[in-house]
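Below are two complexes that have chain A in common, paired first with chain B and then with chain C.
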Partner chain A sequence: MIRPLTAKRLASVSGLLAALLVLVILVSLKLGAVPVSMVDLATNLGRIVIGQADHLPSEQSLIIREIRLPRILLGVIVGAALSVAGAGFQALLRNPLADPYVLGVSSGAALGAIISLVAAPRVPVAMPIAAFAGALATITAVYFLGRRGGELDSHTLLLAGIISASFLSAVIMFLMTTLSGGELRGIAFWLMGDLTSTRTPLDAGWLFLLLVLAVGAIYTTAADLNLLLTGEQEAMHLGVDVSRVKLVVYVSASLLTGLAVSISGAIGYVGLIVPHVMRLLFGSDHRMLIPASALGGAIAIVIADTLARTLVAPTELPVGAMTAMAGAPMFIYLLRRRFG
Partner chain B sequence: MSTPPGASAVTSGAASAVKLASGPRLLVEQASYAYAADADEAPLFTLEATSLRANRGELAAILGPNASGKSTLLKLISGVLKPLSGRVQLDGVEVSTLDPRTRAQRIALVQQESQLLFPIRVWEYVLQGRHPYGRPMRFETESDFEIAQEALEQVKALHLRERWLHQVSGGEKQRVILARALAQQPLLLLLDEPTLHLDIGAQVDLLRELRRLASDRGYTIVVVTHELNLAAQFSDHVMLMHRGKCLRVGAAPDVYQRELLEQVFGAALDVESGAGGRPRVIART
Partner chain C sequence: MREAHSIPPVRWSVRCILVAATMLGSVWAQQTSPAPAPPQPAPAKIDIIDEAGRHLTVPANVRRIVSLAPNLTETIYALGAQDRLVGVTDFCDFPPEAKQKTKVGGGVNPSVEQIVALKPDLVLAAKSMNRKETVEALEQLGIPVYGTAPVTVEDVIQSVRRIGEAIGAREAGDSLSASLRARLDALKEKLAARTPRRALFVVWVDPLITIGRQTFLADALRLAGAESVVDLPQEWPRIGLEEVVKLQPEYLIFADSHSDGADLASARARELAERPGWRGLDAVRERRIAVISDAVNRPAPRLIDAIEQLARLLHPDAFVEKTADAKEKTQSRLTPANADAMPAAYPPVSGFPFPLPAGGGI
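Our next item is the complex of A and B:
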């Protein structure tokens, strides 16, 4: 049956995913080391909605408002950013295995962030900028290392990404030795992908704005990305301004990776798994895939982080460990199903 | 089989109609190109000054052994490469100066292999041909669907539209790729060795189809091919290339000279006169 992508279908799928995201957020707010009753949850959310402050905040409302909700919202930003970056890299590099983590872009962003922490610890704004610069420099290097005879080679590209990631990690380890013990533990945890960090570089509102701008920029190239999947030459013959699209997507995807890494460190596999699942569910048209990946990535991270803080409560796992544990086997399953 | 000048004005705006009356639809005049590994070094491959012209409704075939410059010439005609000297014009406009969108509305290229990263349905693939007419953030319109449907009908592949592209046969896939090019509603249709992976039946079908599209629909078609006999049978102009040089261009009987073909292809050949005076090449035993 011909099911063309229409604005209506896009809206209904996005609406469905958005509703699912809200549901997941509510469940995540309720779950945790300290139990929160439905009444408390409803009261607190009601107060937030009408903008009324608590006169005498209870322990539970503090947990909901000051601990769980900000962390969930950061998770939403990180998940959306990484998934859209992954979808963008996959289309541009014509490689279904590309994602910010596998390509070493996350490590590049992490190195940038750590350099800013070492060099300018008192300038919080420097961190996301440095992370963005690190991401952009890494994808540029990996792109050129991944070429053979003037053509992008998918295996060489992945190897270039993995080697770059391990090299960058070594540099990160070296820089970390200059930090003191307390900082070191925080950064080691952050590197594994962690949402508990209290040193959010920017106000959540600004982070959200950057997310929307970068995702929006990639969305303007969505129809072009569909054609880039068939190769740059073919896309060009179908009227795609290939160099413009590449510039927009590389810069925006690097910005998204830098954004995510400066919030939560290097969380792996989200950018790989989420676009794949969305493709299987809703098809590979990027006009659908990009918004679906943004929402799906947010859902995935909120679920992963909820599990990370409840599975072994009151101890917490880094969310990056959760995504890797769930993501790696799932990826292999998807790969086998596709080619089996 | 030449169309009277000015006939093509039907499809174009009044401004270009003036130019059309005085020139062919496709004009390649003394166009040359050179590939170099380094700007300072001697070029690795040179395409010497080459000329070709084709009117509305005409089919031209570019022939030659491997590395004779056929594909380079096709790239010049498609506007991907800019000639070092000479002119490559479509309706009087230099093709390399067109922006990608406009170029894709006027020139469609069918390449040897269309690679797929993720599975795609036949109708989705054909609809990609409407991309040069779309705008960012916009979905295909009803008329885009109609045009894609008509393109599939033209190549007799409408029954394939629900199928996955990677699951159709080689001949069917070639038709679908052609349908995507037709959905671009181009003036000029370029095909790079379209018969490469086809059996002889599918090859004849394809060439007959192209001949019909040129004659009935007014497309100007340029085909790069190895198939000497099919080219002789179906084309209006034949260009014979060898080592970056155009040796001869003209009607098939003028180009298909035994000594010339033997020299170019390095084999003992005979040229017979077939039906309608069209030459036929056979290997001498």
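Our next item is the complex of A and C:
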């Protein structure tokens, strides 16, 4: 079932997903330990939109503005970043199992972030930069390890990724066991995936800007990525500047992974499953897949984090556990429905 | 303490005189003589039951002790048995002299080889910190392990007494536990008419972790005239900040390695006031923040110091009728004589109170 991509279809799918994301955010804002009425929610959102600050914030507006909303927005950034990074790696490596986690890129980002926490705990900007550097270094290493006879070999690549991930995890375990700085105690939670951090490395506005820039950069290569799916040689013959596309996508996807990991630690499955689901639903044209993955990833994380904080309230679950528990069965269902 | 082994032969003449003196019924002779009894040693081994209900056989005269947790090291020092302590963990930092002892590694992952090499005749372990595997490995090698598992403050005091018994320092254990209990009784009397403060004990800020009902910390709070606003069955529940905003505790309680009272509390308040969400707590806005010694985290005799310190912060009016003299006395108890020698910053107590994925108990 291949339908040609038209501007109208792109707009309608994106619009639908964006509307769904807004709906999910509204529901998430309403749910939680403290009940919030629709009136309160509307009043607060209205005030935020017109930029009016509460002089004496009530308990409810404080919970909406300072606890739920920032967390939801971080979830949106993380979900979009991981999904687009996953879609980019899958296209570039022509491997449906590629994902920031499987390839060890997230572990590289996590190691970079941990090293920055140890080396420069007072410099908050150091953490996303170190995470980005770790991600980029890992994907470079995995890419070269995954080549056999000048060609990218799909099995070798996956093995290289898995082995890099386990090597990097071992280094992380080593650091966590030998060092005992105050900051490192929170790392065990952060490694499980955690959106509760009230200290983000950068202002949310900057994070959004970086997200949009990196996703935009990958989007400029969307048509080339479609051709790359047929093979590097073939794409080259069709006039694709393969090395430029690779550079743009590897750097941008590493930036997205570093961004996500520096905010929330290791949240698995999103980068693997969301692009797959979007491909099953809307086809594999990257001009559609990239915006759909960004919105779909945001929806997935916001739902997962809402469940993580409400299912066993007042106790909270790690959001990484939720994405894994919800993502895997959904993926199997979609796969079976399509091929069943 | 009576030494039960035989008298060196070189003291024959002394012994003869002492025996003669004893026969004459002289009281001082009994007080000063080293074991005037005929060579009839006390039982070489005694059977004891530890706090996890395990039976173990220890020498009546324990000479070499290895401690596998910081609170147990502190207890050994408090019992005055530090000369017999031959091995401690990397995290045993109190009293500061403890850092000079031979290290056997961390509490969760100590080197069994190193422990064996120290030839201990008793190893002390804590259920909250050490792993069952470590204890089993040592037992298989024939090294008796005494496990502690306090859940209440009373358990902690009992534990002090029982450790004294296990290491052959029964008198020290009895008197220390009695004095700790007397201090708690005095405190209870002072706080009898006070309403407990509704408090949140903050174990960790990011993510927010507090204490559950089945911890000695929850009990310590009660004894200090407070009650935790969170009442959950887990030991170290991770909770949402929203829940705390809803509960609005009267006080936030933090444990710090260098608690010097007001300065630290106001620094903490300033820091929290800048965090989104936290500034919505009345306790933060009105600076009702109590910072107490991190001794509260260790089930050892200093726990009682921390309870007294907390009670003083939460109910200052209960202590005002006392004279400055009495205040000074308590103050000196809070800061040990060797306060100058104390490190500026302790490394955090690993394994506590931090639910690492790899856990286990005795």
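Quick notes on this structure:
Rule of thumb we're sticking to: the second predicted complex is superposed on the first by the 316 of 340 C-alpha atoms of A that agree within 3 Å, B and C clash if a C-alpha of one lies under 4 Å from a C-alpha of the other, contacts with A are read in each partner's own complex, and residues count from 1 in each chain.
Methods note: contacts are C-beta pairs under 8 Å (C-beta built on N, C-alpha and C of every residue); 3 or more make two chains touch, one makes a residue touch a chain.
Note that the structure is a prediction, hence the values are computed from the model and not measured.
If you put the two complexes together on chain A, you find that chain B and chain C both fit without a clash. Using the contact criterion defined above for the overlaid structures, shared-chain residue A:E66 touches chain C, although it does not reach chain B. Once the two complexes are overlaid on the shared chain, A:A33 sits against chain C while remaining clear of chain B.
In the superposed model, A:A313 lies in contact with chain C only, and not with chain B. Of the two partner chains, neither chain B nor chain C is touched by A:H286. Of the two partner chains placed by the overlay, only chain C lies in contact with A:D194; chain B stays clear of it. Looking at the shared chain after the overlay, A:G231 reaches chain B, while chain C stays out of its contact range. Working from the superposition on chain A, the chain A vertex angle toward chain B and chain C, CA centres, sits at 140° in steps of 10.
Between chain B and chain C, the smallest C-alpha to C-alpha distance in the superposed model amounts to 39 Å.
On chain A, the positions that touch chain B within their shared complex are 1-2, 4-7, 94-96, 219-224, 226-227, 229-231, 233-234, 236-242, 279, 284-285, 287. Interface residues of chain C, counted against chain A in their complex, comprise 91, 106, 109, 204, 206-208, 230, 232, 234, 237-243, 245-246, 275-280, 347-348, 350, 354, 356-357. Of all residues in chain A, those touching chain C in their complex are 32-34, 57, 59, 62-63, 66-68, 70, 177, 180, 182, 185-186, 188-189, 194, 196-199, 309, 313-316.
Contact residues on chain B toward chain A in their complex (touch as defined above): 78, 80, 99-105, 107-109, 111, 114-120, 123-124, 127-129, 131-132, 134, 136-140, 145, 161-162, 184.
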